[in-house]
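Each chain gets a letter, A, B and C, in the order it is written, and its residues are counted from 1.
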Amino acid sequence: MKKILLWMLVVSIVVVFSMVGSLIGCKPEAEEEVVAEEEVAEEEEEEVVVVPVEKTEVRWFVGLGAGSDEGTFAPQEAVVEEINAAQDKYEMILEIVDNDVAYDTLAIQIAAYNAPDIVGPVGIRGRDSFFGAWLDMQPLIDASSYDLSVYDPALVDFYLVKEEGQLGIPFGIFPSFILYNLDLFDEAGLNYPPAQYGEMYVMPDGTEVEWNMDTLREVGMLLTVDANGNDATSPDFDSESIVQFGFLNQFTDPRGIGTFFGAGSIVADDGVTAQIPDTWAAAFKWVYDGMWTDWFIPNAAYQAADFMQGAGGPFSSGNLAMIHIHTWYVAPWALGEVAFDWNLAATPSYNGVVTSKMHADTFCIPKGSKNPEAAFEVLTYMLSEEIAPKLLTIYGGMPARLALQDTYFDTYTETNFPDKDDINWDVVVAGMAYADNPNHESFMPAFQETTDKYNEFYNTWANTSGLDLDAEITALTEALQTIFTAAQ
Amino acid sequence: MALSALRKPRVRMTQLQKKEAKWGLLFLTPWMIGFLAFYFLPMLASFAFSLMNFNPAVPDEAAFIGFQNWKQAIITDKEVLLSFIRTIKFAGISLPITLGFALFLAIILNSKNVMGKALYRTLFYMPSTIPLVATVLIWNGVLSEQTGWINVIIQKLTGIQVVGTEGLRWLADPRLIYYTYTMFGLWGVGNAMIIFLAGLQGVPTEYYEAAEIDGANWLQRLYKITIPLITPVIFYQLVLGVITTLQYFLAPFVLNQGTGFPNGMTRFFMVYFYKQSFTFFNMGYGATLAWIMFIAALILTITLFGTAKYWVYYAGGERK
Amino acid sequence: MTGKILTSRKPLTRKIKNRIIAVLVTSLTIAILVVFLIPMIYGIVTSLKTEGQFAKVGAPWWPATEGQYEYEGESYEVFKVPIDGEIKKMALVVKGRGQSQLVDIDNPEAGLIVWDGEWRQLEPIWEFDPQWGNFLEAWNTINFPRLLGNTFMYASITTFGAVLSASLVAYGFARFRIPKKSILFMLMLSTVILPSAVTLIPMYFVFLQFGWVGTWLPLIVPAFFSWGTNVFLIRQFIMSIPRGVDEAAMMDGAGPFRIFFSIIIPQSVPALTAVALFHFFYAWNDFFGPLIYLAGNPEKYPITVGLTAFNRLYAQSFNLIQAAALVTVIVPVIIFFFAQRFFMQGIVITGIEK
């Protein structure tokens, strides 16, 4: 009996090793095809048969941020082909993973020592979710004397993370603004939001008011309408049959909503004490009232309703008058086929201060990359003056490279919205001056757990009416403190 | 007396028995090879993870910490017990309903009293073949309290105001959520149904004929013939049902985005595992949780197997 | 003669009774089926809608577009407007609160007519307009033929391997006395009991060392070495087959393989078909495995992974996803419909002498 078991064990080990051995011998088919094609092509071009040079592979992982929806596949592949054709040292391989599963997939790859070589575009949140996984690029920058002066120094520091080093080189910035639906404003007989910072807003009765959160609330309520045509300021308003909403902080999280009222951090300077800044508490209350009392912001139930669905989320449904969003949303996948006219306007102020939160994307190199020097060189190609704008038009960002910023928007509009020539890009450029510092996606202790916790609270608020928000905010602070203390 | 019952006398195997054992093992070879090649090492490794502090983003910094994770999971972390209890509660609601419905469908769709069975079987099976991506969209759409079909239809048929946030909130009401998930699970009943159907085929019709002649009605035939003879399949469904429900993850993940909403009620054990392993990147702790689940499920399974001899009838059962 | 008439009356009422039962039971089944399929109808209807239909408040549940009217080069929606005592079909040109401007589509020369009232309370004219083009668009967007081909290949090969290996192993567990068999059986079940998510990374690592990541091998090869669930199920079935015929064959000198192929397999066809179907559809819908092992090789993706292409960042194309999903469903459904014959064959006799 025991002998049989032992024999089985030996057989299985032999089988396993022979499987391994036979497979180490052969190359994956894809590579063979590529090599064969290259050989054929080269033979056609030159009379002398040249032995194809062994190109170093550089894997580019897309999916943590933008770049995983179908419309971006072809343009990204085109860029990869261009880079591969322009030199013969490196062979870029593009790996696109859907954003919903990209975090898990990347975690598995890094944990199993199969890390990609370049990861991006990745925003601050993506970068901080994988804290510790990224390579400090400073040695590579020094070794190749890469010129960082072409970028705004503040942006370069953005990627200088304490104890980790220079994790990225600025690539694209995505300022934020109010995006509004002109048709809905026309129907309501309202003036459009201010196109420039500092401009006053003119109410229907002619009075000029400051463009701040109170005004936004009033205008939002006038633009929130029920099935009978009554707006939210009317006594006949029926909150159970709302068919159009005024405003939403779309596609952001509680820190982004808080920063709408003023920049701040969820952790005090000592790095341990949890706090909800006063501006954030005010923002949460404003939004909560907007969802359940004033009704101009769709609550979770309404956000899930059919009439708020669209390829680009609620705004693209045409039933939401204004959102606060970043430039990556001004893209064909979101606004490509909407039936209404839209444009960009200034972010409102709170207590006299404007905070227009900023997203900044770059590409990082995992520490586990098998060939960081190759990865860095390919990265320099991607960030170059020729290639970077091409990538940016795909992702919707402004170039971080100062020299490119002036002409960029013409190219962007031409590529993505050739029929629309009145997009108010000035407000985007002007918005840079109001970027949130500290950034709303910056590092917190126990990053993922903290994110999870405040999302949990926010989800409850968006789903439940009649809460005492002060008590909720206190409870959140306490919950966060528990997490921060345990993380020390 | 008890001790001697526990100790089985060590019997030498006869030549015939040794031969039988050899043949048996030969048939088991595919599994054994596969197990050693694909499962053994990963299972050991996952247990090793539970003894380590493992952040997948920085695998190089994984450090051995002994049984700290286990201590934390069993003693300190309240969420472990809470999520386990939730899972059991949910299993208690969902398992009987799902298995019962599958069996009911199989019996009806096997009965000679129904016209057009082949078509109905296919239609009942169809939803379980829809890709998950689409199923999630369908159910999110249908369950929406504001515009979802379920609420709209109920309101149209009964006139009760169930639409809106004051009405039936399928995914947000703590009282409803487990039933919502059961509903969602019932949609995938096709698989259980065909297994029961296959089991029903194994009941020789001569038994039914004999029973009819003896004057048994359909209820008696059901209880005395059908059910006893398909107990092997029922047993399979029960064991597998317990195992998969304890590992319940997909529905809370896609319908409530793994948030545990409402009130943490959908934070089942494996949802908590996922959170720890893939969201918080505490893979060592996550591995501990998975192994705790493994031990609990193993105990339950072994117990179920122990009860099998009391109620499962194998026509070609074990020889002694 | 009298006797014949008497006996012929009984079967008649019996027949009617059976008929009534049949109708009742069938109606019950259909009723349950209809409720069961409501979400599915939602899916079908969604696949035929335009992208914008969801956002149209008050849109009917069936695929529809509003009647449109062209006026001065632009298209406007047509509503039924109560004006001047009658209901006229008018196109809404300028929307406003409390007052709007419309054009009478029967009398466009009259120009814009000002109307007092809330346009949101007006009823639009809905036309049944199924967007069959969605299917074509879905087909073209994600290269359906290749995805379907990949999925079919993956599902068939694994099903074949799974059924073959599982039946062999189950036979071993069911019919042979093996020392410590219950421990081995539990060991096999433990691969099912241990949540697969926790062995994900080590397994990925193992396959990475083999060089199999990026190919179909990690998904196909393990199927040939039997899966715990399949073995368990087939073992249950084999154990329900009485041993009488086995023993007779053994006395005639048949070896275990002979018994397996000539006696056990034929009697297990319903079970094997059930396992085959079960496995086929599991592989057809498998998502996470192919996702992590084939990441970056879109030409090898099965449908489930390919469908994620319809996910935009933060949002999705509902109608296209449903259309694609329905196309995906057709193959399994057809296979199931025809496979029923194989597992619906019952057995009449046990073949055992009493």
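Criterion: a contact is a pair of C-beta atoms (placed from the backbone, for glycine too) under 8 Å apart; a residue touches a chain by one contact, two chains touch by 3 or more.
On a predicted model such as this, the values are computed, not experimentally measured, just so you know.
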### Task
Could you compare the number of C-beta pairs in contact for B-C with that for A-B and name the larger?
B-C
### Task
State the chain with the largest centre-to-centre distance from chain A, centres being mean CA positions.
B
### Query
So which chain ends up in the middle if you average the CA atoms?
C
### Query
If you average the CA atoms of chain A and of chain C, how many Å lie between those two points?
34
### Summary
chain B to chain C, mean C-alpha position gap in Å, rounds to 19
### Message
Between chain A and chain B, what distance separates the C-alpha centroids? Give it in angstrom.
### Response
38
### Query
What are the residues of chain A that contact at least two other chains?
1, 19, 104, 108, 111-113, 306-307
### Query
Going by the touch rule set out above, which residues of chain B reach two or more other chains?
13, 21, 25, 33, 37, 56, 141, 283
### Task
Indicate the residues of chain C shared as contacts by at least two other chains.
179, 201, 205, 308, 310-311, 316, 318
### Summary
Listed in rising order, chain B residues that touch chain A in their complex are 13, 18, 21-22, 25, 29, 32-33, 36-37, 54-61, 140-141, 144-147, 163-166, 169, 172, 259-262, 275, 278-281, 283
### Task
Please name which positions on chain A make contact with chain C in the complex.
1, 19-20, 23-24, 28, 30, 59, 61, 66, 68-71, 73, 93-101, 104-105, 108-109, 111-114, 183, 186-189, 225, 227-231, 243-244, 251, 306-313, 316-319, 328, 333-334, 337, 339
### For the chain C and chain B complex, residues of the former touching the latter
18, 21-22, 25-26, 28-30, 32-33, 36-40, 42-43, 46, 61, 165, 168-169, 171-179, 181-182, 184, 186-195, 197-199, 201-203, 205-206, 221-222, 224-226, 229, 231-233, 236-243, 246, 256, 260, 270-271, 273-274, 277-278, 281, 284-285, 287, 303-304, 307-308, 310-311, 316, 318, 321-322, 324-326, 328-329, 332-333, 336-337, 340, 343-350
### Task
Can you check the complex and tell me which residues of chain B touch chain C?
13, 17, 20-21, 23-28, 30-31, 33-35, 37-39, 41-43, 45-46, 49, 56, 105, 108-111, 113-116, 118, 120-135, 137-139, 141-142, 149-150, 153, 186-187, 191, 194-195, 197-206, 229, 232-233, 235-236, 239-240, 243, 247, 249, 270, 273-274, 277, 283, 286-287, 290-291, 293-294, 297-298, 301-302, 305, 314-319
### Message
Using the touch definition from the top, list the residues of chain A that touch chain B in their complex.
### Response
1, 4-5, 8-9, 11-13, 15-16, 19, 103-104, 107-108, 110-113, 130-133, 240, 299-302, 304-307, 367-368, 446, 448-449, 452, 455-456, 459-460, 463-465
